[in-house]
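Note that subunit A is present in both complexes that follow, paired respectively with subunit B and with subunit C.
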Partner chain A sequence: MSKKSRVMNVLQYVVLTILSIISIFPFFWMIIAATNKSVDVTKGTMVPGTYLLENIKNLMGSDLQYLTAFKNSLIIAVVTTALAMVVSSAAGYAFEVYKSKARDRVFSIVLLSMMVPFAALMVPLFRLFSKFNNIPVLKWIGLNSTGSVIIIAVATAFLIFFFRQNTKTFPRELIEASRIDGLGEFKIFTKIYMPTMKSTYAAAVVVTFMASWNNYLWPLIALQSEEKRTLPLVISAMGSSYTPDYGMIMTAVVIATLPTAIIFFIMQKQFVAGMTGSVKG
Partner chain B sequence: MNKHSVSNRLNRRAWLFIVPSLVLLVSFVFYPMIQAFFTSFQTGIANNTEFGGLANYQRLITDSTFKKALFNTVLFLIIQVPVMILLALIISSMLNNKKLKCRGLFRTAIFLPCVTSLVAYSIIFKSLFANDGFINGLLMNLHVIGEPINWLTNATFARILIIIAITWRWTGYNMIFYLSGLQSIDDSIYEASSIDGASAFQKFRYMTLPLLKPIILFTTINSTIGTLQLFDETMNITQGGPANTTITISQYIYNLLFKYQPNFGYAAAVSYVIVVLIVVLSFIQMKVGDRNE
Partner chain C sequence: MGKTRAKTYAVLAVWIVLTLSLAGCATGKEIAWTQINSSDKELLIWAWDENFNIKAANIAAKYYRQQHPDIKIQVVAEEKHDIIRELKNGFETEVYTELPDIVLIEDYEIQKLLTSYTKEFFAMDHFLDYDLYQEYKTALVSMNGIHYGVPFDSGAAVMFYRKDYVEAAGYTEADMQNITWEKYVEVARRVKEKVGVHMLTVQPDDLGIIRIMMQSGGSWYVDRSGKHADIIDNIPLRNGLEIYKQLINEDLVVSVEGWDGFTRAFTQGEVATVVSGCWIAPSIRENQDQAGLWRVAAIPRMEKVKESVNASNIGGGSWYVLKNKTNYEEAACFLKETFGENREFMNELVKEINLVSTRKDARQMPAYEETEEYFGATNIFDVFLETTENVPVVNCGVRTYEIEDILEEELQIIVKEDDFGESLRKVQIQAQAIIN
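Then we have the complex of A and B:
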């Protein structure tokens, strides 16, 4: 190796190490802050403290209803993900398995919705959902309901596209064989397709759960009352207080980040696959 | 009849699989989208509206807050997106080197910011960059600055902070796309060019960039759409301040709806500016992407 390329090689490690530290540091700092008193955080302490339990106690004892928000976030994320897996995957599956000219045309219209910015939907959706509050059968998805946040994320162009792409790897012979065995089309989907495509579903679950867990703008608009708020709303409210208790805020942030961080470390492969929209195998 | 066409019974079944998704997408995307277009011609407060023709669009031209929001959003776009994409490209070409030790560790570390919610990381950044926060303390200890920087209340620094924050959150995300693109490129091409004496920069410029072009185009359009809708970060780090110097279009729409007397018509008109920007910019980027083929 020439001298120049050796220098380049060392430089590479230096750059990557610095970037890695910058990437990890906010996480490290968040954990340090969560275990310390607010005053010590402000003083710039860099050692883990022993104040974590106290911070948790303060957080739970405050009038923020943090536990309620955690429960709301969990219910919304779990129900959204479960429904989305059935509804969006069925559409993605059908677009690929029952190919036809008409359906391909509909599919390209579905894809168009990926380009629609949520900002452009904010006004009409707010008005539409406020109308639901006056219609008895639709009240459960009216403004200020958990349903309003769920229903909007059940069918997304991204998921439909994602399932269609991955259905291309699903062996058609399995469908033919099942038909000969006398299975109906719905049974083929639930009994043959779903179990076969486990890794696709895993990636879709990860990305849908994440998106729902972290969603901020629509819940901010739709959920106005305190007892309906989700975690991002509560954390946002804590952050904008004039006398921030850093220890308590970071404890709240750590707890809110924990579920997605755990999913990331357990299912890193599916996590990445879901984010980039591709799954192999 | 060709063998791909399906029987009538199957055809009806097929639509049954698709209809639930279609109903939801039409109700919550396409119908509201069209509705917003008509609303943008209505003037008035709350539900007391009347047809106002192009009044809302004319108001845009003279609205200084809107101009600020548009300026900020475009500023974030033209500075942050290129910096982030270039950084992600450089990192991913470093990480693609099979001889590099600890590749997995570096990759995981740089991708890690993606697990945080936008609100959570915004709050962390707000605290880190507070007047008495860690970053000011560090810079003062290193004698880079004599006095704390007012990251949150100085217009220029507030903008820089937003750009730093978004870059921290999204660089690893884009890197993953490039890495998976690079993995599909045959290593022997790189080895052959090394033997031919190509420098690292030459390899990056003449091999990596052209080979990754479709993915770069995709991520650029993706980031453009994302940045044009920027909301969570500015809302939680700076609240759009100081004096609207970091307000974005999305946040302005939010303010028009919830901070002042709700003006649905005008908010809808502002939102259509984002729609037009996304369509135009995506179109330009696709054209530029094609031309360099």
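Then we have the complex of A and C:
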């Protein structure tokens, strides 16, 4: 290795180390803060404290129903992710594999829905969902129901687009061979496509789970009763206090970060592979 | 066969996708809307701050249930600005089922809502005797002579100061009573010189201190009618800005970012005074290391403004009943029997959350007589209540925060330039534009 490239190497590492520290610092601070008393957090302490248990106790003892919110968020995120995988991947697959005249036009319309900001859809959506409350069969997706938050995130233009792009790398020969062997279209999708595209699914799971877990605006207006509310709403409510308990808030945030962190770490490898669009066949 | 099936799947998938992702664009026959939460015996309350307002609402619920055991009351903690957003969403779509029966709204925000959505709020005149409340507060909760809100906490602005710093600078507690801002600047200089700390925090993104000064002189960003911006000819505002400018230019204040920066400065002992609402007391009290070092006095007045008094207000909220909810009468009854007229309940709130009431007879509540070790065995409520009694009445108008955003943009120029008349003229024009 020449001297010049060694210097470059060292420089690269220095820059990367600094960037890593900058990215990790908020997490580090969050964890430190969770173990300290509120007053020590405001004083800017950087050493781990012994107040974690007390913070957890305060959190559980407050009127905020943190555990209920945690449970709601988990149910919503898991169900949304599971449904989204089935619906959006089937759509993405179909858009790519089956040819029809209208295909690309329809796909453009789907993509167009990505361009409309959610704030613009909020009021009509709110009205629409409020009507569902009156129709017995649709009550479960009416306002103030867990279903209303799930249903809206099951098919997103981004996921369909993502699956369609990744399906482009899926070998057509596999489909042809399966057809010749007498496999039905549905089975080709579930038995051949799904297992082959594992890493794409993994990436989609991470993205969908995170989006659903952190979703704020729609749950905010769709969910009202305390037993239905999700974590981001509860954490946000904690902040607007004359005397915020920063230790408790940070404990709440640390706990809220855990599920997404766990999902990400489990699927890290597949996530990277899925994002780069490679298929291991 | 396979292909036909495949097509069916494809069509089905696309159909699901389109239905779901474009659900928002759906139109169709309107289905008659009936109230689904029409159970007569349920009240939903929204508020922010679980240690203060939420706690108060829960105690109120406990009191009310004693008399009305069949009522179900649910209190939900929301973020302060989210409440406004959700209310507007509900009012615009006229979907009331998701809205609360009772809601806490900050006093600076209510006029805008009352102006745009008058028919959504229930007038409480028949339920409550408004003469029992401080005038400045009833002015904030009413519009065109009709009272809508039930006054809750006072945002009495007071001056917390570090006795040890002030004494080190050669002043006594007596020197800090009923002072002027000119005297305050003088103390600030000495404190800086002798102790080496700044006198006050300022937040470039929050002009609370200017609001405090302005209201102490009986004026606001808008005139009494609330319809005209009052910036360029506003003498208390001009004087407030002069003082603000002097404090910054002489380096007597420390600039902080956000709420945590503000609380950090006094918990770390970086400032000698906190000029803010009485609601900041629990945050000061949290730091037990400084027990006995803090005292409370009235805020300074402006010497050059003859109307200026040693009292002002910052923040505070009031409770409102939404008229288009089925249970609005029950909700009004709830407010009347708790926050409105129940003195025993209010007394408990003083003990539980240190509430500073805006009732004129607040002083007669026994809980206000207690002294506090943290503040050197003095009775801080004395100052809070006296301030509350003397707060000048102003009309906050409809766009306090928006006008303040405009002023913030000009603030750098105001602080630097000798004559900031031109900046104020700009603010005046822009402020008038958004009021119209």
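Side notes on the structure shown:
What we mean here is this: the second predicted complex is superposed on the first by the 240 of 281 C-alpha atoms of A that agree within 3 Å, B and C clash if a C-alpha of one lies under 4 Å from a C-alpha of the other, contacts with A are read in each partner's own complex, and residues count from 1 in each chain.
The rule we apply is simple: contacts are C-beta pairs under 8 Å (C-beta built on N, C-alpha and C of every residue); 3 or more make two chains touch, one makes a residue touch a chain.
These numbers were taken from a predicted model, which means no experiment stands behind them.
Applying the stated clash criterion after superposition on subunit A shows that subunit B and subunit C collide. Within the superposed three-chain model, A:Phe264 lies in touch with subunit B and out of touch with subunit C [touch as defined at top].
By the document's definition of touching, of the two partners only subunit B reaches A:Pro26; subunit C does not.
Judged by the touch definition given at the top, the superposed model places A:Asn214 against subunit B, while subunit C stays out of reach. In the superposition on chain A, A:Met115 makes contact with subunit B only, while subunit C stays out of contact range.
Look at A:Ala256: by the touch rule set out above, it reaches subunit B but stays clear of subunit C.
Of the two partner chains, subunit B is the only one touched by A:Thr276; subunit C is not.
Touch criterion not met for A:Leu174: it reaches neither subunit B nor subunit C. Among subunit B and subunit C, the chain that touches a larger number of residues in subunit A is B. Legend: residue contacts after superposition of the two complexes on their common chain; A:Leu16 is shown touching subunit B, with no touch to subunit C. Contact with neither subunit B nor subunit C is seen for A:Leu53 once the two complexes are overlaid on the shared chain. Shared contact residues of subunit A, touching subunit B in one structure and subunit C in the other: 42, 44, 87-88, 90-91, 94-95, 97-98, 100, 106, 109-110, 113, 116, 121-128, 151-152, 154-155, 157, 160, 185-186, 189, 220-221, 236, 238-240, 244, 246.
Those residues of subunit C that touch subunit A in the shared complex are 2-3, 5-7, 9-10, 13-14, 16-18, 20-26, 30-34, 36, 44, 48-52, 54-55, 58, 74-82, 85-86, 89, 92-93, 95, 97-100, 259-260, 263-264, 267-268, 277, 279-280, 282-283, 286-288.
Those residues of subunit B that touch subunit A in the shared complex are 4-6, 10-11, 13-15, 17-18, 20-22, 24-25, 27-33, 35-36, 39, 91, 94-95, 97, 100-101, 105-106, 108-128, 132-134, 137-138, 168, 172-173, 176-177, 180, 200, 225, 228-229, 231-232, 235-236, 239, 249-250, 253-254, 257-258, 264, 267-268, 271-272, 274-275, 278-279, 282.
Across the interface of their complex, subunit B is touched by residues 8, 12-13, 15-17, 19-20, 22-24, 26-27, 29-30, 33, 41-42, 44, 87-88, 90-91, 93-95, 97-100, 103, 106, 109-110, 113, 115-128, 151-152, 154-155, 157, 160, 185-186, 189, 210, 213-214, 216-217, 220-221, 231-232, 235-236, 238-240, 244, 246, 249-250, 253, 256-257, 260-261, 263-264, 268, 272, 275-276, 278 of subunit A. The touching residues of subunit A, counted against subunit C in their complex, run 38-39, 42-44, 62-64, 87-88, 90-91, 94-95, 97-98, 100, 106, 109-110, 113, 116, 121-128, 130-131, 133-135, 142-144, 151-152, 154-157, 160, 179, 184-186, 189, 220-222, 224-226, 229, 233-234, 236-246.
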